[in-house]
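A short write-up of the structure that comes next.
As written, the chain order gives the labels A, B, C and D, with residue 1 at the start of each chain.
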C-alpha cells in the first residue's frame, strides 16, 4: 500500500514536470515576441528591450523556465505582460469560479447519471430502460452550449425565472449566486450526465451479470438490495474512471459555457489571454488545467485503493 | 424420491423437504426443461447427473428462483415449511426462503464472492438478513465459527481477509460457510467441485457432505461426475434433454441402469480417466443444442436401440418408490453393469 | 464600439475599439437599480486591460474613465462643439499659437489634492515625457506650458493648430494630479464625479460617486460597467434585468426585441466609427487606382447595411461622420454600378488576381465580409476571405505587416482622417501630397478655412478611392424606459455618466 | 491500477452490451443509415444544391421555408438548405482530419506499445497519458493561438488530443492478440515483429479502430461546433453547421429555424456516428472478449 502510494506520487510529480516542460516549450515556439506584442506595433526597439528585461525574457530559456516553475510552485506567478497586474490573485479568483461551475455540474451529472444509469441497466430490456437509453444517446449528441442557449431562451428570456447570465460570488449575494449558477451548471451537468449515464449503465449491467450478485440473492437479498450492497461498489471502479476522464472534459467544456453565460472563470480568462496574446497568462491557465487533470487522475488512483482491496497489494 | 413425470403426482409426505411437480423451463418458444418432477426427503442427499445442457442446472436454479433473465419456469416447487409455491413467487417471498430454507453452492468459487467485501462480513450478512443472529457482533462471531467449521486455518484472520487473498478451494469453503450459515433444510450444490483442483475436490466434497449431515439438511447435488455422486449421494437422478430419464438409489442405478442413456453414461465413466470428452465419445453423436432434442424420446437420435416407437414419448415406468425410468427399450433388469462401481473408485481415491 | 476586446497593442492611432459618449442630459429622481442596489448597470463590449491609458492603447479605458473619473479642460457637447469643463473660459492669441485657459477654483482630486494650473501644466507636459501610446503625438505641437496663476494656464504651440484644442477634449487632455500618478494602472486619481470602487476583472467595473466633487452631483450613486463578449448575452441580460442599459447594440438584427416594447427605449444616433473597407494602396492589386474604383462601384451600400447591420447605419462616402463640422454627403461619388465596376476591373488588368480580404473576427466585420465578398465576386473579382483573430492576429497580419489586399475595420477615433490616410506608412499606405497639404492647411487656418480644407480633403480621399466607407456605425442604445439622459450621438471617446438619470 | 488499465476497464464496461450478442442491432442500422445520409448529402452537394450556398442576396433575406427555399434563408439571403448540404462536407472533413490524425499516430503507437517489452510499453503509455492532461478543446485553442483559427488547425488539434484514446484501446487489443495461440505459434516459427504486427495484430485490431473512429467522428463534430461558437472554428463563408448555429443566435427569437436546422443536423450526425460506433462494437468486439 505504501509502496503503491509512493509510486503514484512519483508518477504524479514526473507527469507534472514533463507537462510543464511541454507547455513552456509550446509557448516558447509561439511566433512573436511577448514584449513586442505587449507594447504594440509602434513601440521602439529600446522600449521592447527594456520590457524584455523587465519580464526576464532576455535570459536563457532554462532560466526562464525555472523561474516560471518557481512562480507556480510558490503561488507567485508574476505579472501579466499586458495588464501588468499580478496574475496570482486573478488565477485564484477565476479558478474558484470555474470550480464552482464544474463542481456543481459534476454533482448534477452524478445525481442524474448514477440513478438513471442504474435504472437503465436494471430495466435494460424493458421499454422504460430503452426509452431512457435512447434519451441518453440524444443527450450525448447535443452540444453543451446549445443546451445553454436553449435554457436561456426558455427559462430566462421566455419565462423570466432566472437571470440570463452573469456571476455573483456566493459571499456577496448567495441567492443571486444560486440563481445565476443554476443554468450554466445544468447545461454542463445534463450533457455530462448523458455521457456518464451510459457508462454507469454498462458498468451496472456488467455487475448484474456477476456471480457474486447471484450469491447475494441466494443469501436472501432482494435484487435491488443485492445490487446496492454488493453491486455498486464494484461498479464504482469504471464509473469513477469515467468521472475522472470527464472532469477534464467538463473543465474545458466550461470554457464555452462561461462564454454563453458571461461568467468570469478560467475559461474566459484563457480566451481573453489568447486573443490578447497575454502569453504568460495562457501558459499559467493551461498549466493549471493540466495540473488539475493530473491531480484528479492521482486522486482517482487513491480512490481505487479504497474501493478495490485487490489493488492494495498484500494479496495473492 | 417419487419421480412422476406425466403421471399423477404422488402425494408429498411429511418427510418431504422438496417436492417438484411438472416443472418446465422455457425461453422464447423453446423448452429447456420439460415436465420434471421429484421429491427429496429430509436429510436425503440426492444427485442430479447429466451432460452439459441436460437442464440440471436450470432445474436447480428454478428451485432457487434464480433463473437467468428471460427464462420462465412453470409447474410447482414446494418446500416444507413454506406456505407458498416457489414457482412464480415474488422476490419478497423468495428472498425470505433463500439463504434460510434453501441455500446454494455455486460452481465458480473465484467469482461467487464479492471482491470488495471482507469474507467475514459476507458470511455475517446472511445471518443478519434473516435475523438468525441478534446483532452484528454475534453474527461476526458466528461467521468466524462457520469459517472454522469449513476448515479454514486461523478463521479469525480469515474473516478479516478479502476473497482475492484466498485460493479457489478456500473460497469455495467460504461459499459453503455462507450456504450452511442458517442451517438450511435443503442445500443445492451446482457442480461445487468442478472448478477446483483435483487435490482439493475430495476435501471440499467431504466438507459439504459433513456439513449437511451435521445439520440434517437435505441436499440436491448437481454434477456430471458419477464418481462424485457415488461418494456424496444416496440417490441419483439422471437428466437428459431437459427431462428426467431415470432415477433410483445410487447403487442400483449405477450397477443396474435401465435407461439406455444411463447405461452409456456409466459405460463411459468405466474408464479410470474422468474426462468429459473421452466419456462423451462413447455415446454416439453429441448433445444437441438446447431445444433441439428430438420429439418423443429425447435420446433416440443417439441411441443404438431406438425404433419407431421411440418417436412417441416414453412413459415413466416406476420400479420402486423412489426409482423408475422412461425408456421403450430398457436394459434388461438382469444385465450386468460395469465390473467395478464408481463408488469403489472414488473410495479408493478419497 | 464595435470590437469585442480592447486593443492593447495598437500601433498608431487605430482606435479599433469603439467608444461612445453619453453626453448632455437631464437629471431625474432617485431610484434603485435593478441589480446593483442603488445604482445603474450598463452593458459594454470592451473591457480595459488596465486603467492606465497613458501606456495602454484602446478605447476601453477612456470610455470608462474619461469625464467620469478624469476630466479635461474642455469637452464636446452633443453637436460636436467645444465647451468649458475644468476651464471656465479660454482665449486664443492673434498668431493662433497661444491659448490661455481660466480654470475653475474649487476642483479637487479624489486623493484630496486641489486642482491648480500646476497640475494642468504637469499633465500636459507628462504626455510628452511619460506617455507611450500613439496618441501622445497629438501633444507634440505644444511648445511650452506656463502656470500663470493657480487658475490661469498658458499653452504655447509650435505652430497654429485647430486640432490641438479638439484633442484636449480627448484622453490626452485628461488632468492628472501631481501626487496621484504612481498607480495609474490600478488606482486612477482624477477630478471627476466618480471614483473606481471595484474592478472585478473579466466581468465588471463599479464606479462610485464621490463626495466633494466641484461640479453638479450626478444622479446615480454608483454605476457598474459590465462587459459582454457576446452580443446575444448582452441582450438577454437587459431582457432579464441584469443590466439597465445596452451601451452599444452589437446585434442590430435583434433590435426588434426591444422596439415595440414599452419597457424599453431605443436610441439611434451616430458615432465616430467609420466601418472602412480598407484597401492596401501600397502594394498588390489595390495599388491600382482603377481596381480600387472598381471595388467602390461594386459595393451596394444600401443592400450591405440592410444585410449586415439590419439597415441601421448611415452611408457616408468618406472619412467624416455627420457630427463633424465639415461633414458632407459624398455617397454619390461612387454610386452602386456593377457593370461599371466590371468594366473598370477589366481595364485595370487586375481581374485575374485573387484579392485577400482579411477581416478581424468581430461581429460587424464577419457580417460585412460575407456580403462584400459576395458583391465583389458578382462584379467579377476573385476574393478569398480570411478571418483573423482579433486583436492579436489581425493587428500583426494586416495592421503591422500590411499582408492584405482588403480588410474591414471600424475606425472609431474621433477625427481620424489624418491618422488613417495622412501617413503613407500607415497600413492603408495612402500616399497623396495634395491630401496632406489640405490637412495641414485645415489645421493652421481659421475655422472657415479649416472647414473648407477638410471638405476638400475628404472629397479628394473619396475620389481617389483610398478606401471604401461601408457605413457609419450607428449609436444604438437600448435602455429601460425610465432611464434618461442617454445621448443620441456618440461624439467623444468617453461614456459620460454624469448626465444619466431615472424618470 | 494504471490509467490504461482503467481505460480497459472502461472499454469493457462500455462494451458490456456485446456480451448479449444482439443480432444486427437497431443502433447499427439506424447509425449506419444516418451516416450514409450525411455522406450522401456531402456527395450530392458536389453536383447539386438548390441555390449557391454562399450567394448573398439581400432581396430574399430571412425568407420562411417555401418551395423555393426549403429551409428558408438566413439574414444574408443565403439558402439554408444548400448550406446544410454543403455543411455536411465540412462535418465529414472535420471528422476525417481529426480521426485520421488520431488513428495514424495512435494505432501504430498502440501496437508498438503492445508488442514492445513491458517496461517500454509502459513508458510509451505514460507519455501517451500525459496528452490526456491537455483536453481537446484546450489544445485546439492553443493551436489557434499559434497557427490562427481555422478548421484544419482545430481538427489537427482535436486529432492529437484523441491519440491517447486510440493508442490505449489498440494497445489493449494488441496485448490480447499477442497472447493468442496463433501469434505464439508465429513467433515460435521465427516471424519478425513487423510481420506479426502487419499479418496478425493489425487485422485483428481493425474492428477496434473502426469502432473508435466512429466515436471519434462524433467527438470531432461536437468539437467543431463548440470551436465555431468560440470563433476558433470554420471561418466564413465556408458553410459549417457549427457556424450556422453560432450565427443564428441573434435571430433566435424571430427565426428560430435558423438554429433548429443546423442544431438538429449536428445532433443527428453525432447521434448517427455514436450509434454506428455502438453497433459496430457489438459486431467486432467478441473477438476480443475477456478483457479483464
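Rule of thumb we're sticking to: contacts are C-beta pairs under 8 Å (C-beta built on N, C-alpha and C of every residue); 3 or more make two chains touch, one makes a residue touch a chain.
Which chain is which protein? Per UniProt: A = ABC transporter permease; B = ABC transporter ATP-binding protein; C = Peptide ABC transporter substrate-binding protein.
Bear in mind that the values here come from a model prediction, so they are computed numbers and not experimental data.
Taking the CA centroid of chain B as reference, the farthest chain centroid is that of C. More inter-chain C-beta contacts link the pair A-C than the other of A-C and C-D. Centrality annotation: A (chain centre taken as mean Cα position, compared with the mean over all protein Cα atoms). Rounded to whole angstrom units, the spacing between the C-alpha centres of chain B and chain D is 52.
Taking each chain's centre as the average of its CA atoms, chain A (ABC transporter permease) and chain C sit 40 Å apart. Averaging Cα coordinates per chain places chain B and chain C 91 Å apart.
If you average the CA atoms of chain C and of chain D, the two centres end up 45 Å from each other.
Of all residues in chain A (ABC transporter permease), those that touch two or more other chains are 157, 259, 271, 274, 277, 308. Contact of a single residue of chain D with at least two other chains is seen at positions 144-145, 249, 252-253.
Residues of chain C found to touch two or more other chains are 230, 389. The list of touching chain pairs reads A-B, A-C, A-D, C-D.
The touching residues of chain D, counted against chain C in their complex, run 54-56, 58-59, 61, 75-77, 144-145, 148-149, 231-232, 235-237, 249-254.
Of all residues in chain A (ABC transporter permease), those touching chain D in their complex are 11, 14-15, 18-19, 22, 26, 29-31, 137-138, 140-146, 149, 153, 157, 198-199, 202-203, 205-206, 209, 237-238, 241-242, 245, 248-249, 251-253, 255-256, 259, 270-271, 274, 277, 282, 286, 289-291, 293-294, 297, 300-301, 304, 308, 311. Put simply, chain D touches chain A (ABC transporter permease) in their complex at residues 1, 3, 6-7, 9-10, 12-17, 19, 126-127, 129-130, 132-138, 141-142, 144-146, 218, 222, 225-226, 229-230, 245, 249, 252-253, 259, 263, 266-271, 274-275. The part of chain A (ABC transporter permease) that touches chain B in the complex is made up of residues 125, 210-212, 214-223, 229-230, 233-234, 307-310, 314-316.
Put simply, chain C touches chain A (ABC transporter permease) in their complex at residues 4-5, 8-12, 35, 49-50, 56-57, 132-134, 185-186, 200-203, 226, 228-230, 233, 236-237, 239-242, 389-392, 395-396, 399-400.
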